[in-house]
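Each of the next two complexes has chain A plus one other chain: chain B in the first, chain C in the second.
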Partner chain A sequence: MSAAAARPAADPRPGWRDRRELVLVAVTAASAGAVGIVNPGFLTVENLRFVALNSVVLSIVALGQTLVIAMRGIDLSVAPLMGLSAMVCGLLAQTHGLPLWGAVGVALAIGLALGTLNGVLVAALNIPPIITTLGTYSLFGGLTFLYSDGTQVDQVPPAYAAFGNAGPLGLPVPTPVLVLLLVTAACWFALGHSRFGRAVLAVGNNAAAAYNAGLRVAVIRIQVYALSGLLACLGGLVFVCYTGSATVTTGTGDHVELQSIAVALVGGTLIAGGRANVLGTVLASLFLSTVLTALVFLQVPPIWYSAGEGLMILVAVRGGTRRAAGRA
Partner chain B sequence: MDMRAPAAADAATPRDGRRLPVGGWELALTALLVAVVAGFGAAAPGFYAGPASLLGLTENFLPFGLVALGLSLVILTGGIDLSVGAVASLSAVLAAQLWSRFGVDIWAASALGVAIGALLGLLNAAVILRLGIEPLIATLGTSFLYGSAAVAAAGAAPPSGFPASFTAVGTGTLGSLGPLAGLVPIQLALFAALAVLFSALVARSPFGRVLVMVGYSPDAARYSGIRTGRVLATAYAVSGAMASLAGLVLASYYDAVRPDMGDVLLLTAITMVVLGGISIFGGEGTVAGVVVSVLVLGFLRQGMLIAGFSDMVTTMLTGAILLASIAAKNLFNRRGTGLANQIWATIRRPEPPRANPN
Partner chain C sequence: MSAQRDADSAMPGFYAAQGIRKSYGAIQVLKGISLDLKPGRMVTIMGENGAGKSTLFKILAGQVPPTGGTLRLAGAPVALASPSAAHARGIYLVPQEPALLPELSVAETMFVGALPTRGGPLGRRVDWAAMRARARAALDALELPIDVDRPARTLSIAQQQQVECAKALLRGCRIILFDEPTSPLTSHEVEHLFSIMRRLKADGCTLSFISHRMDEVLEISDEIAVLRDGVLVDVVARPSFDRARLLSRMVGRPLKAVPRRAASNARDEVALEVRGLSDGLRFADVGFSLRRGEVLGLAGLVGAGRTEIAETVFGVRPAAAGEVRLGGAVVTGLDCHAMIRRGLVYVPEDRARHGAVLPMTITENVTSGLLDRVRRRAGLLSARDEARISAAAVRDFRVRCAGLDQPLRELSGGNQQKVVFAKWMTTGPRVAILDEPTRGVDVGAKEDIYEMIDAMARDGMALLVISSESEELVRLCDRILSIYEGRVVAELSGADISPAAVARSYLTAAAPSGGVAA
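Let's turn to the complex of A and B:
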C-alpha cells in the first residue's frame, strides 16, 4: 500500500504485493462464505461479531510488531508485556477498584516504560533485537509472576466488561473494534504518511544509509520499540476487559509473539524491513480469527489448529522474502 | 549490523588491541562457572552434597545442552531453528508409539526417532532453500506443523513406563568406570562425548570451516565454490537430530512422553548458544563457549531452585544475564556505535597513536 511508495523498484513481483489486502479480503470472505454454506450458523450477526471481536487483541499487538519489523527489528517481548498489562490492570481493578481510565493510564505507562527499555537495549547497547527481546521476554514474564503473587484475575468490574464487549453509547459496534479502527488509522497514517514513518522505513531499508543521511537512528529505534510496548499493553488491557480473566500465562501461553509476527508477515510486511502493510496486518489477523472460528464450526479437532496456522504462514510468506537479508 | 566503523578500525589493527581483559569469552564464562558453583556451594545448603550429587544436578538441564549443540551449527550459519522444541516432542512421541503400539525394540525406536528428527530438520532446510523463506519464518511455520502432528500422534493416552534400561539414560550413572563408578550420570557422558565431537567438527574439520564461512558471508562462500545449500541442509538436519535426541532423553528422564514436552527447550537453548559467544548473525563463535554456557546457566538455575527461588525468578535472572553479558561483550569489543559506546569513547582517554612500522 502507500508505505510501499517509499521503496520503489527492487521487488520481483509488485503485482502480487500490491494486491495483498484484496487477496486477504477475498480469501476471508470466501472461507466465511464456504463455511456458511456448510453451517449457516457461521454467518449470523452474533458469530461475525464474535469473529471480529476475537481478532482485536492480536491485531493491536501485531500493529506494534508491524512497526518493529518495518524497521528491521523484531519484538518477542510483546507476549509477556500483554500478559503483564492484563494482570496489573485486572488485579488493580479487581482488588482496588481502579477506574477504567486509570487502567488505561496504567497500561500505557507500563508499555511505554518497558518498550523504551527494549529500545534502549537495542539502540544504546547494540544488542541484536532478537536477543534483547528474548531476554526481556523472561524479565517481563517474571514481573507478571511476581506481581500476581499466585493470584489471578477472574472477575473485572462491570465497566471493564462493558468496555470489552459492548458498544459505546448503545452503538452496535463493540468498543474494542472501534479502538482497533482508531489504532489502525493512527498506524496507517504514522507509517505511510508522516516523516516518522519515512524514517522508520528508511532505517528498516538500510540503517547505515539512514544514519549517514542524518536520521537519528537510535532515537527512532527507541521510539518504535516504545510504541510496540505501548500497543502490546493496550492489547493486554482490551484482553482483560474482553475475557474478564488474566493468568501468568496470558499472552505467552498462546504464543502471541509468534502469532503477531506471523500475522504481520502474512499481511505483507517484509521481515527484512523497509516495507510495511498496516491494513494487511489487521486483515490477516481477521482472516486468522475467521479460520480458527470456522474450524470450530466444521468440527475439526483442535489439535490441527496450529498446523493450519503454520501452513498459513508458509503459504503466505512464500516468495515474499527471497532476499537473503539477515533477520535481525 | 550498521555503522561498524569502530569494529572495522579494530580489524585493521593487530589483534593486541583486544579489550577483553581475560583471554577470551570462553575464559570469562569459565570464571563465571567457577563462581556460580563455588558461590552456591558455599551459600545454598544442599547444593553441594558430595561430587555425585553435584554431577547429578546436570541431569536436570543437559537436554537443553543437547539442543544447544545442534542449534549452534544452525546459528553459526546465520540461520535459526525455532522448531527444535516441536521436533523434540514429535520424534520422542513417534519413537514411543513405535515402541508401545508396534512392539519395536526401544533402542531401535530411539534410533528411528533420531532419524525422524534429522528428516524434520531436512524438511526445514527444504522449506528454507526451495521455497526461499527466511529461516526464522520457515521454522516458525514448521514448528506449528510439527507441534500439531505431535499432539495428533500422542493421542489421548501417550505411552509411558519404558524399560528400565531406557530410563537409565535419563537418570542412571555409568557403572563400570572403576573408582568413578556411580559418579558420572549417563546424560553427562553422552553430552560430553557429543560436545567433544561438535567442538572438533566446528573447530578442526573442513566442514566446520565451511560452516563458519557460510555464516560469515554466504555470497563469498558461494563464489568460492562451496555448495552452501548442502552445508545449510546438514546444519538443519543435525539440529533436528540433536533436538530429537534431547526429546528422547527427556522421555527417558520422565519415563513418559508428552506432545508439549519439548516446548521449554527452545528459548533456553537459544540463550545458551548466544551466551556461549556464537553471534546471532552467524560466522563467529565456538562450541567450547556454548558448552561452558550450558553448564553456567544450568548450575545457576539448579542452584537458585535449591536456594528456594521460584522458577520464574530464575528465568528472569537468566534473561538478565543474557542481556548483561551481550551488552558487556559489545562494550569490551567496542562493537558498533550504540550510544553507550559513544559515551564510553568520550570518557576514555584517547589511545596514543600506534607506532607505524613503516
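Let's turn to the complex of A and C:
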C-alpha cells in the first residue's frame, strides 16, 4: 500500500487506463445509430445479425494476427491461407461429399502445416516476417489456383450450411459465433494467464531479453505462426460454410491480411509488439463490419472501402505510436 | 598454499576461470585468463578499451562460448550453453543498461521465463498474486521501494539495475556480475548500488564488476584484476591497492617503438573553431580550434562522447549550446549537406552502414559524393568523366583492386576504407573528421592510410581524428584532446605525446584524486 502511495500520480498501471474496449463499443453503437437515422433499414434485427455474423470470420483470422503482432511479427499470408482452406474444404465437400468433421480436420491440418512453415522460415532461417509471409502469400495463393483447377465452390452440403448459419441443438445463436466465443476465450486466457501467452508477449517486448531469460524464442515463434495459420484456416472453413461459396480470390480479394492487421491495431494491440488486446480485436472487427455494411446502406461506391480500411490502419498505428512516445 | 586454494575452490559459490581464451576470426580477444571469484568477495575488473573485459563477463555468464579454457564452479567444470544455463547454475550478469520488457509489469519482468503457475479450472494458469508477492518480497529484501505493478518502461536505469539485482536473488543466483553498472548512474545512485552490493557481499554472494572509475573501484573492491590486451596483467588484493601501480598496469605496454609523425604542417589560419559546444546530453562545453594542415586527435574511452561531438560539429546531431565556425563563418545548426558544401566532411566509424555501398563498383562509390560535379551529357552522367575521377582516386589513394568496375564488397577492409576516403576527398574538403579511420583494417593498409592522412595535412587540410588506439593518435596527431564523460579533460602536444601519456590522460580523469603525473 505504501508503495502504491509512493508511485507518481501520472504512472499508469498496465491495462488499467486503457479503455479501448469501451471506446470501440461506444463508437460502433454510435455509428450504427447514426446510419439508422439516415436509413432505418440498417437497424433491423436481420441486418444487425448479418453485421455480426459477417465480422466472425475476420475476427477469427484477426485473433491469429493479434498473437503474431503481439510477438512483434506480422502474417500477410492469412488471406490466401483462409482462401486455400475455404477452397479445399468446399471442393472436397462439393465433389467428394467430405463430411463436416473431415473438413474441420482438413482445415486445421492445412493451417498447422503451412503456419508452421511460416514459423520455421521466420525463426529458423531468420527471414524477416514481412518478407517470409509476402513470399508465402504468393505461394499459398498459387496452391489455391492449382487445387481449384479453374473450378469454384458454389454450393455446400446442408450440414455445412447449417454449421455456418444456424445454431447447434436448436440454439438461437449461430455456430460461428459460438466458435468465435470459444476462440476468443482461449486467446484471452492464453495471452493473459498462460505461460505460453506471457512468453509470446515477452518475445514481443524484447526478443533478446526473452532469450536471455531462458525462453525458447524460436520455438515460441514457430508455435505462434502455426496458430495464426490454424485460425486463418478455421476462418476459411467458417467462411465457406456461412457463404456456401469460395473462389480463388477468397481472402485475398477482400484484403483480409490488411483487414486483420487493421482490426488488431485498432483493437489496441501494439504494432511494435509486447501488448495485445484480444477483446479489442473482436470489437474492432465488429466495428469494421458495421462501417462496411453502413457504407453499403449509405450507397458509398465500393471503390472507397479499401481506402477506408487503409485510413483505419494509419489512425490506429499513429495512435499507438503516440502513446508509446508519450510515456517514455 | 595450493592445497588451501584447492580446499577453497570446492566451496559453493567459488567460480573460477582457467585459461579462458576467445578469438573472433584471427583476432584473439582473450589470451588465457585465469581468475577466481570467491563468495563474499568483490573482484573488480579494470582495463582499457578493447582489453577484453566485457567479453570475459559474457563468457562467465554463458552469453558467448569461449574458444578455449575451462570454467569451474565449486571445483567442478561447467559448460554454459546459454544465459539460462548460467542462471540455472546460479550465475547472473547485470548488463549496463538492462534489456527491458517495457510493456510488462516490474513483477512480470522479474519472473519472465519462470512465471509461477497454479492449477485452475482451465488448466495451469499464471499465479499473479504469488508472483507479485514474491517480487515485492525480493525488492523489500534489498529495501527497494519500487511498485511491482508499474510498467517496466517507467523505471530509470538505476531502478532497472536494482530490479535486476532482486531478480538475480529471486532466481537463486548468488554469483552476480555487473558489466560497467555505474557509468550511466549519478553519484547518489552509485552509492545506492554500492549499498546493495555490500549487502549482497555480506550475505555471501560472489560478486564481480567492471568499472573505469578508480575512486569507486578502490571503495568497493576486495580484489582488483587488471586486463590488458586480453591478458590478465595483475591481480591485487586489499589492502595493497595502489592507484599509480594500477594505472601503469592498465596503460603499460610491451616495449614497441611507436613512430611519431614527421614535423607539423600546421599553418596559422584557423579552419575549424568550436566553442562551448554541448548537446545537452552526452557532452558539454567542448571547445577547440583546428588550424589548416593540423591533425588534432580526440582520445578517450569508448562511449566518452567523441563520436557525438563529431556528429554535432558535422550537423547530423543538434547542438544545445555553443558555436561552430568554419573558416571564420558561424555554421552552427546547418545540416550536413550545407557542411559538405562548405568544405567539412565526416568519415564515420561504421563503414558498412554509413560510408560505403558494398555492392556498387569502385567508380560508383568514389563519385557518389560529387555527382553534381561530374560532367553531364543531355542530363546523363558522363561515364568517361566518372572513370577519370575514379582512376585518379585509385592512384592517389593506392587502392589495390582488379579494376575500377570491381564491386567494393570484393575489396579488403583496408581498401574499402581507402575508397571511402577517396570519395570524400574528391569533394575537395578543407576540414575532415575521421572517426576510427583504421577500424577493421589490416596492418599494411593501416600504414597506407596514415601516409594518406599525412599527405592531406601537407596539402593544408585540417583533420580531426577520433581513435581508441593510443598508438594511432601518437602516430598521426600534432595535438591530442582527451575526452572523459563528455568533457575535455586534458590536452597534449609536442613532446608530451606518447601512448602511455594518452591513455593516462583519460584514465587519470577517471581517477580524479589520483595525482598520477604523466
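For this structure, a couple of remarks:
Everything below uses one rule, namely that the second predicted complex is superposed on the first by the 304 of 328 C-alpha atoms of A that agree within 3 Å, B and C clash if a C-alpha of one lies under 4 Å from a C-alpha of the other, contacts with A are read in each partner's own complex, and residues count from 1 in each chain.
Everything that follows uses one rule, which is that contacts are C-beta pairs under 8 Å (C-beta built on N, C-alpha and C of every residue); 3 or more make two chains touch, one makes a residue touch a chain.
Bear in mind the structure is a predicted one, so any value in this text is a computation, not a measurement.
Of the two partner chains placed around the shared chain by superposition, neither chain B nor chain C is touched by A:36. Note on chain A: of its two partners chain C and chain B, the one contacting more of its residues is B.
Of the two partner chains placed around the shared chain by superposition, neither chain B nor chain C is touched by A:167.
Touch criterion met: A:201 reaches chain C, while chain B stays clear of it.
Contacts of A:211 after superposition: both chain B and chain C are touched.
By the touch criterion stated above, A:275 is placed in contact with chain C alone, chain B being left untouched. Within the superposed three-chain model, A:102 lies out of touch with both chain B and chain C [touch as defined at top]. Comparing the two complexes, residues 206, 208, 211, 327-328 of chain A contact chain B in one case and chain C in the other. Those residues of chain C that touch chain A in the shared complex are 63, 82-84, 87, 98-105, 108, 112-115, 117, 122-126, 128, 136, 145-151, 153-154. By the touch rule above, chain A contacts chain B in their complex via residues 74, 121, 123-128, 130-132, 134-139, 141-143, 145-146, 206-208, 211, 217-218, 248, 258, 261-262, 265, 271-272, 301, 303-307, 309-311, 313-314, 317-319, 321-322, 324, 326-328.
Touching chain A in their complex are the following residues of chain B: 1-3, 78, 80, 82, 127, 131-138, 140-145, 147-149, 151-152, 218, 267, 270-271, 274, 280-281, 310, 312-313, 315-316, 318-320, 322-323, 326-327, 330-331, 335-341.
Here chain A touches chain C in the complex through residues 2-4, 6-7, 11-14, 189, 193-195, 198-199, 201-202, 204-206, 208-215, 270, 274-275, 327-328, going by the rule given at the top.
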